[in-house]
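Across the two complexes that follow, chain A remains constant while its partner is chain B and subsequently chain C.
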Partner chain A sequence: MPTADASSSPLRGILPGLVLIFPALLAIALLYVVPLARSVVFAFVDADGGLTTAHLRTAVELYGRDVVFTVLVALASLMLISVVSIAIAGYLTLGATPWAVTALRWLYRWPLFIPFIVAGQTARNFLARNGLMNSLLIDSGLMDPATAQSLLDWRGLVLTFAWKQVPFVTLLLAGAMASVDRSTVEAARNMGAGRLRCLIEILLPQVRGTLLVGLILSLVTIMSVLSVPMMVIAGNPTMMTSMMAHRVTYYGDYAVANALGLFSYLITAVAAYAYLRMTLTQHNEGAR
Partner chain B sequence: MGVEALALHGLSIRLGGSQILHDITLNVPAGSFTCLLGPSGCGKTTLLRSIAGFAPPASGDIRLGARSISALPPEKRGTAMVFQSYALWPHMTVAGNLTYPLKLRGVARAERDARAERLLEMLGLSGFGPRKVGSLSGGQRQRVALGRALIIDPPILLLDEPLSNLDAAIRRNLRGELRRLQQRLGITTIMVTHDQEEALSMADTIVLMRAGKVVQVAAPQDLYARPADLDAGRFLGVDNMIAGRAGDPVAAATLGFRSMDARIHDTAPQDALVRHGTVLDCAYTGGGYHLQLESGAEVISAVSGVPVMPGSQVCVAVPATSLMAFGADQMLLPN
Partner chain C sequence: MKRSLVLGAAFGAVLSLPVAAQTLNVVTAGDTNMVDYINDYLGPLFESQNSGVTVRALGTGPGDGGSQALYEKLSAQQGNDVWDVDVGVVHQRMAGQMVTEGLLQSYRDKTATGALVTADSAENALGVDVGGYVMPMFQSQIAIAYNPALVTTPPQSYADLADWAAANPGQFGYNGITGGMAGVGFVFGWMYAFSDMSETLRNGPFDAASAASWTPALDGLKQFNTVATITPGNAGTLDALNRGEIAMGPVWMDMFYTWVADGRLNPDLKLLIPAPGMPGQPMYYVVPEKAAEAELAVKFIELATSPEVQAEGIVRRFNWLPGIDANAVKENLTAEEWGALFTDVSPEVLAERGLSMPQADYFRTILETYERQVAN
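Right, the complex of A and B next:
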């Protein structure tokens, strides 16, 4: 019928497009959106199906310290990651000793290819009271055996996360630094800036967006890794991932685990917001 | 810092296994404007960068005033360089770019801002201080880059093709402006360029370079009238190079002249190089006509005030004073 044809023609125009993207949309919906929404919703649903904040209260009561601990460990790790990767990427970009730059370029990527569980295991061997690090320090006479202490606490977590994430952030950062117009660095040196000032005042401001991306992705990784806190830390407080796993494995208590997960979402959402705001500002500045 | 002279002695530079500069010796008097002129790849930019400290010398010495600077890192040399790409810092404002060198020198904030303001006024950029560098035009960026170099009151100013990224009209304006500024400040200046017109119109002294060597150091008029050899002549627009004959007013293996000095005559004039030939081509060039004519095995370029039919026989003459005489070794013969 001619009338039916006329009314369905706009839909007909977009239908092939919809059909084409449907599998991708379905995959995103089934694999990401539904589980995420479910876990958020279930954090607020009680056994009878009514709305409740009891799970959230339990989570804060039992694991409030772990949430704070997680935030502090994540922040400390990100700080250490920033400092070390800026130093490495800076040396790769500005270093004046060709063989040292080449050696560093080869070495720094290794941890990228080591799984977190192995990193956790290695950290355990290295940082324990009788671990490799203390043995080396004592053997070389740099440390009194009586003062040897285990670093298998928040410090171990920070060091392990940093060890694992520094190569990744450095990879991003060194790439960004290499694409910065080299003459801006030369101009600064010509005007009297030493290498360190060039790195901090000229190079770094031009790649700060990339650094932020690296740190946000690292934050998400830190918030989701389970093996490292399980391997490195014995007691309380510990990372939220550890506690969520504990809640699910030993109590089958998905509701409180979901409530804990909510805090993870909130923390990463803050980071995502900061990132989006910064890219928008940069975009607007570029458009002006 | 006062104005200082620059001296290069036996400077050689190797980069990546190949020799870029060979044994360069050069004296640049204090307060002078010197142009390094040459075709692409002749090593002129490397020479400038080596003065600034970005190309370590394999041998030789660079002296600024009384002190040797060849072993110093770039930040300790005190030279001020303007880069071809301007190299402004995109994350700073115009004022930020201008005052950063002063900040590095520990100048107080109020003093920094006052000096930036004065400099912006001098460069015709009053009120541009708070602007982002990205919002400036090419000519404005060039001025800011120049201002950034001048704000530290450097003993020597190094310019790396500073005008090459600009439109022809802006380039001509800035050329004069740059020259006047240099004369007013009396600052020793070395500029790299591949544009002979730019070098001729701006420099006190031109250093002509080729394949990593200095070919000739001369004042613009001398360089233009008496290029050191055939290649230098060709680079400076001597477009006719013909074999000398007995009876020519100047005895030489090769005689060089510019086409604008070669004119068509009805009768052969006295005291001039004279050739007869057939007109191959006649093209209108605005003020007159440009001719190509065949004279024996040689093709001569000449000018004429009136059009000439291709195929006609003409007599072309060049005054003896406009001739450059080159020996069999391609070098310019002494007068």
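Right, the complex of A and C next:
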């Protein structure tokens, strides 16, 4: 309820709030909105200052495949991330072997502290045809040297992104699962439900929102990483970020790079819309 | 250290020493080894000869992108009276553009070492006249590295190379054109060999319509790509050679020698330059038009292009080919050190097959046509 004083002079009530959020708003405007608007505008401006769609057409013609590749790799990564993080978070919540739960809890967070570029370099040495993984498999007799193949393609990307993002999503998910009322799970267990069934039918529906938030934030991260595709992927198609860097490095061509950026914005904008809608719904539900 | 002192004394006698607190900002494109070169070797040497001077090195990143960053830095300051870069180290393509746009000053005549600059690339940078504005820091060259255990009779020309690759699928690896200059250079060499306009590609004049005549050459390259392995980056090619995944691939010669010296690469690997040749490029020292410490900058470059420093720093420590007249540098090296530079590729072959990069417009057009016709 607004106080009587504030309702007589609405501005006085709003002003302190405005002053408080002003620095944050200014930072967002200067560091985010202005560069974003500039890059969108430059994607449509030619050398003489006129409007053109030539950059967009070049981007589609030369890098259309890369855009599709990016979307597919992002989706595949998100799927792998969901499966693995649900499995880990589920075991952390429902696991019955205390030492295994402790060990997993200790281990799963490590990749959070490894920078993407290090993950990229590690993947490059690990997944190459004569890399560490295949060498180990061959030495242990599990693989025939002739069948060894390099995983440094979309599979390497998906694995690296998943490896990096699984801990983050698991962290959110395990927290959410821990705060779910355990009595529902215990009731189901008493009725004879297996742990897997408890996870899928009882826990998961209750933490769906958290999982979605984790995946949306992962998508934005995946869309923005440059080092991993640069190090893992050879040739084309590759992630859009690589091609934006290529455009700037070899052609000094910011226009086409910006046009490519537009596709990134569109994809992340869809995710951002879903995210905002969800937080608003949650907010409204909370307010009721 | 002792050597640095001797060098320091020699130059101290020649140069007058102003005693004042000055900072010389050296901004260099290229890999981290470029910054290391200034920070670990050249900077301290210059400081020891010029008391009160501090050399501050800043790297702007590898490849043409690094030069582009320096260009943008200078271009943004164009309205200012004084710019915050005293010495720049840039690639050829950007040097041409910077000269054209009046961002650099002509300084070579003010240096005592100017007369030692004999390379053609010091006068002409991918079709732009840069005489006087630049002095080459070093020359680097792209060559094909191969594993003699797997390739007993290495191909000596691009045509032979294409045949060899077809007979040995997957054994030739290069990094395409998006993974670094070694791959880009390989593609330029391919165009020199198969486009019938090798001379024009390098020296101009530029004619956008000529790209239409490249279709057979590019179709051949597309065919070649189906039997080649595409590696991730310049280092990726060396890694793949080292792991035995490929038997042959284009590399920068200096990077190759450095990796061998560091024990990161199989020392049995060898180098060759197939006919008609592969491109190489210098990096240039430049002085921005409104550098705050222009005089000091010229003095710094004079030191950097002296035969002693070229021998010790460029050849001995970093395995680059000298930027100034090689004969002047030779006197400062042992016969063994000089020989090591040309173990696999003789000076004659280098002179004949060490070509320049394409003229700037062709540079761009070849890459874009490749993207259109070969990569897609």
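Simple rule for what comes next: the second predicted complex is superposed on the first by the 252 of 288 C-alpha atoms of A that agree within 3 Å, B and C clash if a C-alpha of one lies under 4 Å from a C-alpha of the other, contacts with A are read in each partner's own complex, and residues count from 1 in each chain.
Note that a contact is a pair of C-beta atoms (placed from the backbone, for glycine too) under 8 Å apart; a residue touches a chain by one contact, two chains touch by 3 or more.
Keep in mind it's a predicted model, so treat the numbers as computed, not measured.
Applying the stated clash criterion after superposition on chain A shows that chain B and chain C can sit side by side.
Contacts of A:Arg105 after superposition: neither chain B nor chain C is touched. In the superposition on chain A, A:Leu62 contacts chain C only, with no contact to chain B. Look at A:Arg155: by the touch rule set out above, it reaches neither chain B nor chain C. In the superposition on chain A, contact of A:Arg197 is made with chain B only, not with chain C. When both complexes are overlaid on chain A, the residue A:Asp181 reaches chain B alone and has no touch with chain C. Vectors from the Cα centre of chain A to those of chain B and chain C enclose 150° in the overlay, to the nearest 10. The wider contact with chain A, measured as residues touched, comes from C rather than the other of chain B and chain C. Note on the superposed arrangement: chain B and chain C approach each other to a least C-alpha distance of 48 Å. Within chain A, no residue touches chain B in one complex and chain C in the other. Per the touch definition, chain B reaches chain A in the complex via residues 52-54, 73-81, 83-85, 87-91, 100-101, 104-105, 132, 134-135, 148-149, 152.
Across the complex, chain A is touched by residues 63-65, 68, 71, 175-179, 184, 229-233, 236, 239-240, 243-245, 364, 367-368, 371-372, 375-376 of chain C. Across the complex, chain C is touched by residues 61-62, 65, 124-125, 128-131, 150, 152, 230-236, 238, 242-243, 245-246, 248-252 of chain A.
Residues 181, 183-184, 186-194, 197, 201-202, 205-206, 285-286, 288 of chain A are the ones that touch chain B when the two sit in their complex.
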